[in-house]
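Listed below are the structures to be examined.
Across the two complexes that follow, subunit A remains constant while its partner is subunit B and subsequently subunit C.
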Partner chain A sequence: MHLVDRLLATDRRIIYLLVGLGALIPLLIPIGLPVTVTPPVRSAFEKIESLPAGSVVVISFDYGPSTAPENDPQAGAVMRHCFARGIRVVGMALYPLGGLSVAVEEINKVAAEFPVTYGVDYVNLGYKDGAQAAMRRMNEDLHELFPRDASGRPIGELLLMQEVRSLKDTDLVFSFATGIIGEWWINLVNAQFGTPVAVGSTAVGTPKYYAYLKAGQAVGLLGGLKGASEYERLLSDHYPDVARIYESPLLYTATQGMDIQTIVHLVIIALVLAGNILYFTSRIMRRSSPGGRRA
Partner chain B sequence: MPDIGTWVGAFLSLAILTFLYRDNPFFRFAESLFAGVALGYYIGNQTNQTIKPNLVLALARDFSANWDLIFAGLLGIGLYFRYIQKVAWLARVPLGIYVGYYVGVTLMQKLHGEVLPQMKDTILPLSAPGLAAVWNILMVVGVFSVLLYFFFSLEHRGALGVASRVGILFVMVSFGAAFGYTVMGRVSLLIGRLNFLVNDWLRPLIRAVF
Partner chain C sequence: MRRQLPLVMTFIAGIIPVIALFSPHPIVVNIAARADRWLVIVYAFALLLGVVSVVQSNSRKIARRDKGWPYAVVLLTGLTVMGGFGFLGNFGIFGGITTTPDGRPTPFQWSYSNVFLPLQATMFSLLAFYMASASFRAFRARNLAAGLLMVSALFVMFGRIPTGEAVPFVPMITEWIMDNPNAAAQRGIIIGAALGAASMSLRVILGIERSHLGLGRGE
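Entry: the complex of A and B
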């Protein structure tokens, strides 16, 4: 068998290995590639910058552990921004498979980095089923929908929730979403009740959110790990205290992830190019061989 | 030293990754365990976060104010009648109510929150200043040509054929963007798993041993 044909018949496991090494090496030896900020992320950042201290932002954890590597850094960055500005956070989860777990983990982790008090500066209302029906109810009465918080405490006892009776008492909804729940926040809550909505979506879901962003239905968009890394960049540039948090070697950041992402993308591009070059070389060789033309 | 949860997570992650080599009992064990745990989690989550606070505790705390919740509870139970052959037909009642409710909500939601704003955003001035005009023209040409590509009542020949061929180019660009994002998303998940294996499991293990 000719070398070109042998390369074309490369075992797919070799390709897995190359992609794996492309991910592993920059994880062990970080490169620190620069991050440039795109308008959709800047728009989300500026929306939160425009809110005065004491405003209320709903952070909806509409994802589970399956997409946590993308959505966790987004949610973490936006919550750090809120706490750094003295903005109060109402956390909730509408995604059934793990939304509550990621909400509890992420809210507790970020809150521990700031001098904030549960029930005063932030709350975690927990999970509620029936996303669209729940969203409709939120605009009327959050207390009826969430009689107790994630840990089972009546929310009427929480100082923050005594002020926040419904979505009308909030200034922004930020949904971190896998699948369609982020779209529902836009085309139901924003469209029918007028509450501004921003979305942190998985990369897979990002293209469809551009249509909402362009139409002015969403005030900002963080697309996948890249969006999270851009938000981290903006936060680090504007808030030195938050920059120090991101410098901690124990914290996994989207910025570190983008180093790896870039190298893996280069490996994939190289493989696509090599595959095409080998394919066309093989075709040319077959046509010019004494056996005549073959498909 | 990594805790027991990290060890379990690392073992299951590696078990799932072994499928890249070939199908094997470790992969099938991890896959089945995941399906079972996910179902258990779902049931526990629904019970503790929705049924208990919004139905059981609400009725127990103030029955006279919340008595109407009994109907919601009965509708939920009614869905399970399908497993009892003699009264299986009763399950259609709650199902019909749920379908009716969500059709009503979704219809308005789609029209009011998606179709109309997106249509409005497509009606663009073609004589805008500078580069905006180029983007607006591109947007309008894209929308019309893609709509014509999906118009199947006439054969795609002549002017319609040309327009639909332009339309398919826009569709392909859209698929390309979506695929690029999909690759990025999948790589992000790989990074997340490798980060867990290296930074949460291997590094503390190496530090503890050496």
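Entry: the complex of A and C
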């Protein structure tokens, strides 16, 4: 077998090893590569910057554990931004697989970093099924849809929820979505009720949201880990107190994750290029060999 | 009756939100609001139906000792344990569903953080390995369309990492690809899917499409 054909038939375990090392090495030896902020992320950031203190932002945890490494840093960054600006947060989840637990973990973690009080500055309404029907009801009466918060407390007792009766009393919805739920927020809540919507999507789901972003139906977009790392950079540049939080070695940040993503992307790019070079070399060699054209 | 009643119910349930979107009349709005409330409750029953279906199919698998039956045991054990923690937590047993009044994680939350979350993350992470292997073996510029797709993919992958952003014009080209060809194609897909969904919904509302009723031939 010729060398080119042998390379084309490389054992997949070698490729797995390359990817594994590409993920492991930056994890052990952080590189700290700087990220550049793209317009969709800047747009989301500026939307929250434009809200006065005391505004209400709905943060919907529409993702499960499988995409948490991408969505968690996005949700964390946006919540930190809100708390740093004195914006109040209404957390909820419309995704059944882990929605409630994801929201509880992330909200508790971020709230502990700021002098905020549950029920006054933020609430966690928990998970609600019904998706689009639930969204329609939210525009009329949040209290009917979520009679109790995630811990079972009647939401009428919470100071923040006494002011927020429906989505009409909120200034922005930020959905962190693993699937189609982000699109539902845009199609229903923005298109029909006019509430501004921004989305934090997984990298694989990001391309479809560009259509909504260009149409002005989404006010911002955080695409995957990269989007989260850009938001973290904007936050660190504008808020020194938040920058100090991100410097903590105990906190997993999207910026750290970008080191791994960079190396793995480079490995995959190299593999695509190598695969094509070998493929065309092999074809040329077959054609130029005696009787190759017939074969 | 077995055929007509579901068709009438489908028609009423389907037509209410359509009318409500265009009519602000209080009667219509009230009926639509009530329908939404019912829909949320129906969704909850759909979840319950899903659980019953999973239990039934996996119990059968275990009883028959079908191929892979030990996995069914693991699945049912997981469902019972997590479901049990969640269900009992709802009644205040174990201190609640997620966190106890003193802030400690409940057994449900602990199992979620230490078992479910790492397992799901591991499953999703495996995709990177398969994608890398597939990209080496199958991502070939065999013709012009495949070549364009490959060049776009390489630009977007390279432009989405800090090293690529440092190369002149790469970020600009990446954003152009996402803003123009990508957004245009996505619009086409979204509009096409919406038209398809609208026509299918009309067929269901008008009773032309009846397969969802599960009626036998000739019914």
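One rule holds in what follows: the second predicted complex is superposed on the first by the 290 of 295 C-alpha atoms of A that agree within 3 Å, B and C clash if a C-alpha of one lies under 4 Å from a C-alpha of the other, contacts with A are read in each partner's own complex, and residues count from 1 in each chain.
To be clear about the criterion, contacts are C-beta pairs under 8 Å (C-beta built on N, C-alpha and C of every residue); 3 or more make two chains touch, one makes a residue touch a chain.
None of these values were measured; they are calculated from a predicted model.
Shared-chain residue A:T36: touches subunit C; no touch with subunit B.
Of the two partner chains placed around the shared chain by superposition, subunit B is the only one that A:Q217 touches, whereas subunit C remains out of contact. Applying the stated contact rule after C-alpha superposition, one finds that A:L27 touches subunit B and leaves subunit C untouched.
When the two complexes are overlaid on their common chain A, residue A:Y279 makes contact with subunit C while staying clear of subunit B.
With both structures placed on the common chain, the touch criterion links A:I186 to subunit B but leaves subunit C unconnected.
Contact with subunit B, but none with subunit C, is seen for A:P147 once the two complexes are overlaid on the shared chain.
By the document's definition of touching, of the two partners only subunit B reaches A:G257; subunit C does not. By the document's definition of touching, of the two partners only subunit C reaches A:R137; subunit B does not. In the overlay built on the shared chain, the residue A:Y16 is in contact with subunit B and with subunit C.
Where the contact sets of subunit A with subunit B and with subunit C meet, they give residues 16, 19-20, 23, 66-69, 96, 98, 100, 128-130, 133, 136, 145, 150, 152, 192, 203, 207, 211, 214-215, 224, 226, 261, 264-265, 268.
Across the complex, subunit C is touched by residues 10, 12, 15-16, 18-20, 23, 33-36, 38-39, 64-69, 96, 98, 100-101, 104-105, 108, 128-131, 133-134, 136-137, 140, 144-145, 150-152, 192, 203, 207-208, 210-211, 213-215, 224, 226, 258, 261-262, 264-269, 271-276, 279 of subunit A. Subunit B meets subunit A in the complex at residues 20-21, 38, 41-42, 45-46, 49-50, 53-54, 57-58, 101-102, 105-106, 108-110, 112-114, 117-118, 120-121, 174, 177-178, 181-185, 187-195, 198-199. For subunit A in complex with subunit B, the touching residues are 13, 16, 19-20, 23-24, 27-28, 66-70, 96-98, 100, 126-130, 132-133, 136, 145-148, 150, 152, 184, 186-188, 190-192, 202-204, 206-207, 211, 214-217, 223-226, 252, 257, 260-261, 264-265, 268. Listing the residues of subunit C that touch subunit A in their complex gives 21, 33, 36-37, 39-40, 43-44, 46-47, 90, 96-99, 108-109, 112-113, 116-117, 119-121, 123-124, 128-129, 131-133, 135-137, 139-141, 150, 153-154, 157-158, 160-165, 171, 175, 178-179, 182-183, 186-187, 189-190.
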